[in-house]
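Going in written order, the chains are labelled A, B, C, D and E, and every chain counts its residues from 1.
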Amino acid sequence: MRKIISVLLLSIVAVGIYLSVSHIPFGAPKTKVGGHYVEQGMEETGAANMVTSVVVIYRGFDTLGEVTVLFIAAVGLAAVLGIAGQQGFPREPASFVLRNACVVIFPLILLCGTYIFAHGHLTPGGGFQGGVVIASAFVLSYLGGRERRISKRLFGSVESLAGLVFVTTGLIGLAVGGYFLSRILPNGRPYSLLSAGIIPIIYIAIGFKVGSELAGIIDNLIEETK
Amino acid sequence: MILIVSLLVLLMLVGAVAACVFKDLLSAIIAAALVSLIAAVLFYFLQAPDVAMAEAAVGAALTTAIFVVAIRRTNRYEQ
Amino acid sequence: MTFLENYVFYVGAFGLVLIGLFTILVKRNLIKAIIGLAILDTGVNLFLISVGYLARGTAPIYTRAEQGAQPMVDPVPQALVLTAIVIGVAVLALALALAIRLYRHYGTLDLRKITEQRW
Amino acid sequence: MVNPVLLIVVPLGFAFLIPILSLLSKKAAKYIPPIPLCFNIVVSLLLLPRALENPVVVSIGGWQPAFSINLVAGPVGILLSAVVAFVGLLVSIYAVDYIREGATDRYHMLFLLLLTGATGVVLTGDIFNLFVFFEILCISSYALVAYAGDKAGIESAVKYLIQGAVGSSLLLIGIGLLYGLFGTLNMADIAKALQSPSSLPVFVPMALIISGLGVEAAIFPLNGWLPDAHSSAPSPVSAILSGIAIEVGLYAIARVVFTIFGLSIDSTSNFLMFLAVLGILTLLVGEMCALGQNNIKRMLAYSSIGQMGLILFALAMASSYAVVGGLFQLVSHTLAKALLFLTVGYMTYRTHSLDVSALAGIGKRMPITSLAFTIGAFSLIGLPPFAGFPSKLLIVRAALATKECLFFVLIGGALLGTVIEAAYFFRIVQVLYFKDGNTNIARKQVPAVALIPIVIFVILIVGIGIYPKFITGLLSSAAAELLNRVDYIRNVLG
Amino acid sequence: MKPQLILLIAFGGAFLTYIFGKISSKLRDGAAVAISLALVAIFACLYGRPLQESFYWGFLGLNLSLRLDALSWFFAIAIVSLGALSIIFSLRYMRDRERTDFYYSMMLMVNAAMLGIVLSNDLISFYIFWEMMSWCTFLLISYNQHRALDAGMKYIIMSMIGSVAMLAGILSLYVSFDTLLIPQIASSLATASPGYVLFVLVIFGIAFGIKNAIMPLHTWLPDSYAEAPSPFTAVLSGMLTRMGVYGLLLITYVIGGMIGGTGLGSNVSKFNYVLAWLGALTIVVPTFIAMLQNDAKQLLAWHGIGQGGYMVLGIGFGVATANSLALAGGIFHTLNHAIYIVLLFMSVAAVQYRTGGVRDLNSLGGLVARMPVAFVGALLGISGLIGLPLTNGFVSKWMIYKALIIEGHPFLAFAALIGTWGTILSVYKFLHNMYLGQLPEKYKHLEKSPFSMQLPIAVLSSAVVLFGILPGIPLRVINKICTWLGFSSLDVTIWGFTSETGTLNTINLLAAIVVVSAVVWVLFHRAAKSVVVAQDDNYAAGAYVPRDKYHYTAGFYEPLFTMLRPYLRDVVDEFYTALAGAVRKSCGAVRRIYTGDVGNYVTYIILFLASLILVQLRWRPW
């Protein structure tokens, strides 16, 4: 019964969406805002990766909101799990191969993540992707069953500091340039690592923030308040 | 090209249906991870390497990990 | 074939959306519902990216070699999707944490049985 | 140079600061939220004179409006951000004492972020940015509802989360469709490009966006989460959710409907009529559900649904009187409902029960709190001389001024809802004062730090009720801004 | 003196009393009495000096203003005097109760709100004060706890229904004429369509009908009267309920433009006939229901409804036929009723005070010996209630009868007359069961009522007689009101009035009655003395019979009771109870929407979306 109703309702929704989507031709150029970014973005921001310039410069506010969302999730998750009764969780020791492979791979993944967010303005990738990669390094380390863990305080401090860096960068822009997140650093030479104004700073902050938040989430989920 | 894409889309939808019907939640999670992975490939085809990267890292790896942790803490099977 | 070309991504995207919604609507297991949410999110993201696609466009990244040679796809939806993915994973993580706590309280994840809060 | 962006960024910065500060001192966290909220009130007041002349439009990063996110601090935005900051400030003062259990620094972070999200929603001029701030608002409220970690809280949070997530996915699909159709995300830019709201390709995104936002705004069939979440959250959170979160959702709907889609009462679509009917339906369902309710917080939650219905009805009439009335109702409901939840918070804390009958005799044990509750309840019913009266008056007047039969019938429904509302609120007042109850509750007032916000709310409710001019000037320019689409586009795009 | 100053004193006094109460109860009592007496003095000074409208507050772009004219003075003086008397009465009555600060400040607040109502010059201030009066009343009715809670709920719900109807009516007037000043509306409404006028009449009729307890809307009244603290019951019955009459008069004034000019629109006339018939119904049925009551306050409460019927009959009929005699009768009856019903409630309250709250007629009796002043009050009160000559009730009822008969409406007159018979039967029971008959053993040592209770009773008793012998005093004022309302003037003398429809001269009556009573007294004096026989030494088959078994006031109208009971069920009340039950049930059903299952909630979301799309698809398939 419930299935029939659901299918019925969803098919109506599908028809409605089809009617609207049929007016959005697939693959046709939509020059309005995107076109402007593609044409002007390189000069205006100095970043080669247009997605990065949109994420950090043009729609930097969204990004600030987004790291906030992740921050909320991390804090909220800790709040939700943190008060629970303290039932421990026996951990099976991982196999020898896995454990030792983790030891080797862990720093490599960290390095890879750092590379991804440091080069966000030049190549695909950026703060989020790098942050997620860093977090996955921690997932791996938990799979490896290592007991050595980074303290929550460190996670928390990194999170806060990264967030504050983002906000402060924006506020300095407001003080200097009159707009929040305005470009206070020169665009520099295109295609070089130290270019594109404030993008690297913000992306590094985001990378640390996302990485530490996701790692913190995983950490909390697995450990649940020891 | 279009055929490959169609095939991938088909596979993705099948994966989604599988994620919906599997009684074993672990299998469902793997199916959902498959959906994310194929979506990442499709993002790549759509000239969105950034998103593909994020989707692969988040959808296929991280989310799956969280799900697995969650079902270890709860119940592996539906009902 | 042209239909396929025009609509295959949309079909894939909204297929995921509908399957995700169907899962949430019909399945009584909370984890299943959350899986549904994940699929729904993926579908929405795929849709957004398809909206920004440009036929025969390249990724919106300038390289030294072929600057401005080919049209680029719209970078805006990609930026949006990056945001949306992260938001999605945040919601998902919170949902699963809540599911763990809920299981501890009720010993079940069957949503039809967890109806203490009603009326 | 005061910039509206400070309203969002400064609280955000303070929220990021809390983890570091709480490393230094565990107690520091609870004194943090009032600081940025005070700051926000000051900034809002400083911006007010400029905003009344012309909406303050600032862009992030300094690009041309359509090419970057911009904030539009018009009268509506300033009004609502001031309300958010003000109510948030009072509730955060209240929470200094009330929130004792668990990791309180997390509570204060989430609380501050929730308010940041609400401020962002009311100030932003970009629809995707709206979505992002909405998510901030929603996700922090999911976490806050579950904050106490009890059975009811977790269950409600799960349900809230699922519905909220579905809603925001629908919203995102709608935004995607709009972007596909018009190639821009700036609300003014979309509005400029959008001609007729009733053609199907445009209608579908509108339906999606309204359903998505409607979940947060608690419109009738979309509000299954509300009674659970508002009743099982800690009381200050309930106050914020009922007093701010849903109002902000409703504001977002109004903004989308009026500004982006440009619906007006004389446009060909009778969608606004539909919204008006929906509003009254919401009102009646909310009030009817509240009538038989024994759980006091749940009753207040249902009453919030009812009030939302009334506000939606007023906004859907889309005349300037009606919108003034709707915004007035919004403000008075915010004050009254926050007050009610705050008072009920300590009452239930003392009686250890959410049952209405457990409140018997509280009037003698906590006289000031009970008096405050009574005044809040009277204001919600719309009795003079409290703040709810002028707002209800304006709405009824606007409905009668439409000279349309449908609206006469609808306002009849609204008045019926008022009677039902009176029935259950008066019952509680009786229980508070005139029922002998549990005598072993200590005769103990609320702690002073929690009494301050309560008393301020009472003063405001009575003050606005007696002297509505205090805010009507601001409200009428806010209504004008909300309804005048052409000016909005011109102000933003230049 | 500006009217707002008066209100300021009244409301400020209410607050001050509360604050004083926190300091000392003596101070509070003194303040309450002083403020209420001050108000009486102020209004006494204002006699014959109407105050022009004065704007006192801007509210949402509306100018709120006050004024004092003949009608409002008439009501105001009644309000403040009765208010002062009941405050004085409360001094002892409420002494040992809890939360007396609240009680006194609410009493003063109710008085202030009523003053506000009668002083209002625009409908919004009218509404504001009306609502304040409603919720103050609610709080006071609920004061006695227990059963009073239900009574309070009944009252406030009906009152809310009335006031939302009134709000709709007021704002509809505002939207139509863009003003809320009563005189301006009066002039604007002359040009309105008859249908609209009828709408206004009906909607205000509902609002005021509920307050004045016209028959199908009366059901809140008996319980509220019975359960409220007695001094407040006096205020409630005397003036508060009669704010409905004031409202009806105001509406009469508002549509008054039509009375003076081209005559009434037929709609208006019809409406007022309906009102008159409802008034007649309200006279007959409650009076007989009153007969069946065993609770003294319930009995009086039902009479309160019935007497309200006379007022409505008089005013409705007067307006329908443009007959100033009936109208004046209705207004005068309002005043008279207020005086004697307050008197009656006070005498009951005096008994209650001494007997510890007993008001069951079957367990009282013979109190005349213990509480003579209360007895005299009750006697004069019921005389007024019945309408015996030389008491005030007689004059007003007589005016109404006269008008009805002369205008050729014998059925209405007959209804009014039946009402009087019923009244006689029931109030005799009241008087007898309470004061006459055998004194129960446990009340043998009751003290007489304290001075602060005797004083108001004495004042009111003398008022009953005074207005009965010299009806010209209030009638002069009433005559002014009638002319102000656009009716023809009556020829009033101090002893009564003369008019083409009939003449009343109480001096003749007085003379006749003095002569007759002298004769009767002489006869009785000459007649043989009766012998007092102890009742308890009757022979009872050898068994000892406890003295209380002889208490012959129980089951006073038992045969009549069994006969009438099936016909006099309170059908209306049952209907409302059923309605309330149905509402409650349907609310319970609506609540089931929230099943607690998230799947359902998400279904609602999708359903909403789908129906939006579907509707749009169906509307524009092209």
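Criterion: a contact is a pair of C-beta atoms (placed from the backbone, for glycine too) under 8 Å apart; a residue touches a chain by one contact, two chains touch by 3 or more.
Computed from a predicted structure; not experimentally measured.
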{"item": "Neighbouring chains shared between chain B and chain C, ordered by label", "value": "A"}
{"item": "Chain pair showing more contacts of the two, C-E and A-D", "value": "A-D"}
{"item": "Chain closest to the middle [Cα centroid of all protein chains]", "value": "D"}
{"item": "Centre distance in Å when chain A and chain B are each reduced to the mean of their C-alpha atoms", "value": "19"}
{"item": "Geometric centre distance via CA averages, chain E-chain D, whole Å", "value": "43"}
{"item": "For chain B paired with chain D, centre-to-centre distance based on mean C-alpha positions, whole Å", "value": "37"}
{"item": "Interchain centroid distance [CA atoms averaged], chain C/chain D, Å", "value": "29"}
{"item": "Where chain D touches two or more other chains, by residue", "value": "128, 132, 135, 139, 142-143, 146, 149, 154, 157-159, 162, 166, 173, 179-180, 185, 200, 203-204, 207, 227-228, 289"}
{"item": "Junction residues of chain C - those touching two or more other chains", "value": "5, 9, 20-22, 24-28, 33-34, 50-54, 59-61, 72, 76-78, 80, 82-83, 85-87, 89-91, 93-94, 96-101, 114, 116-119"}
{"item": "Touching two or more other chains - residue numbers and ranges from chain A", "value": "2, 6, 10, 13, 16-17, 19, 21, 24, 30, 33-34, 37, 49, 51, 58-59, 62, 65-66, 69, 72-73, 76-77, 80, 84, 124, 126, 128, 214, 217, 221, 224"}
{"item": "Set of all touching chain pairs, with the criterion as stated earlier", "value": "A-B, A-C, A-D, A-E, B-C, C-D, C-E, D-E"}
{"item": "Residues of chain A that touch chain C when the two form their complex", "value": "2-3, 6-7, 10, 13-14, 17, 21, 24-30, 33-35, 37-38, 41-42, 48-51, 53-55, 58-59, 62-63, 65-67, 69-70, 72-73, 76-77, 80-81, 84-85, 123-124, 126, 128, 190-191, 210, 214, 217, 220-221, 224"}
{"item": "Touch list for chain D against partner chain C, complex", "value": "128, 132, 135, 139, 142-143, 146, 149, 151-152, 154-159, 161-162, 165-166, 169, 172-173, 175-176, 179-180, 185, 227-228, 231-232, 289"}
{"item": "Residue numbers on chain C that touch chain D, as the complex places them", "value": "17, 20-21, 24, 30, 33-34, 37, 40-41, 44, 47-48, 51, 76-77, 80, 83-84, 87, 90-91, 94-95, 98-99, 101-102, 105-106, 114, 116-119"}
{"item": "Residues of chain A defined as touching chain E within the complex", "value": "2, 5-6, 9-10, 12-13, 15-16, 19"}
{"item": "Interfacial residue positions of chain D with respect to chain A in the complex", "value": "1, 3, 5-6, 9, 12-13, 15-20, 23, 58-63, 66-69, 101-103, 106-107, 109-110, 113, 116-117, 120, 126, 128-129, 132-133, 135-136, 139-140, 142-144, 146-149, 154, 157, 173, 177, 179-186, 189, 200-205, 207"}
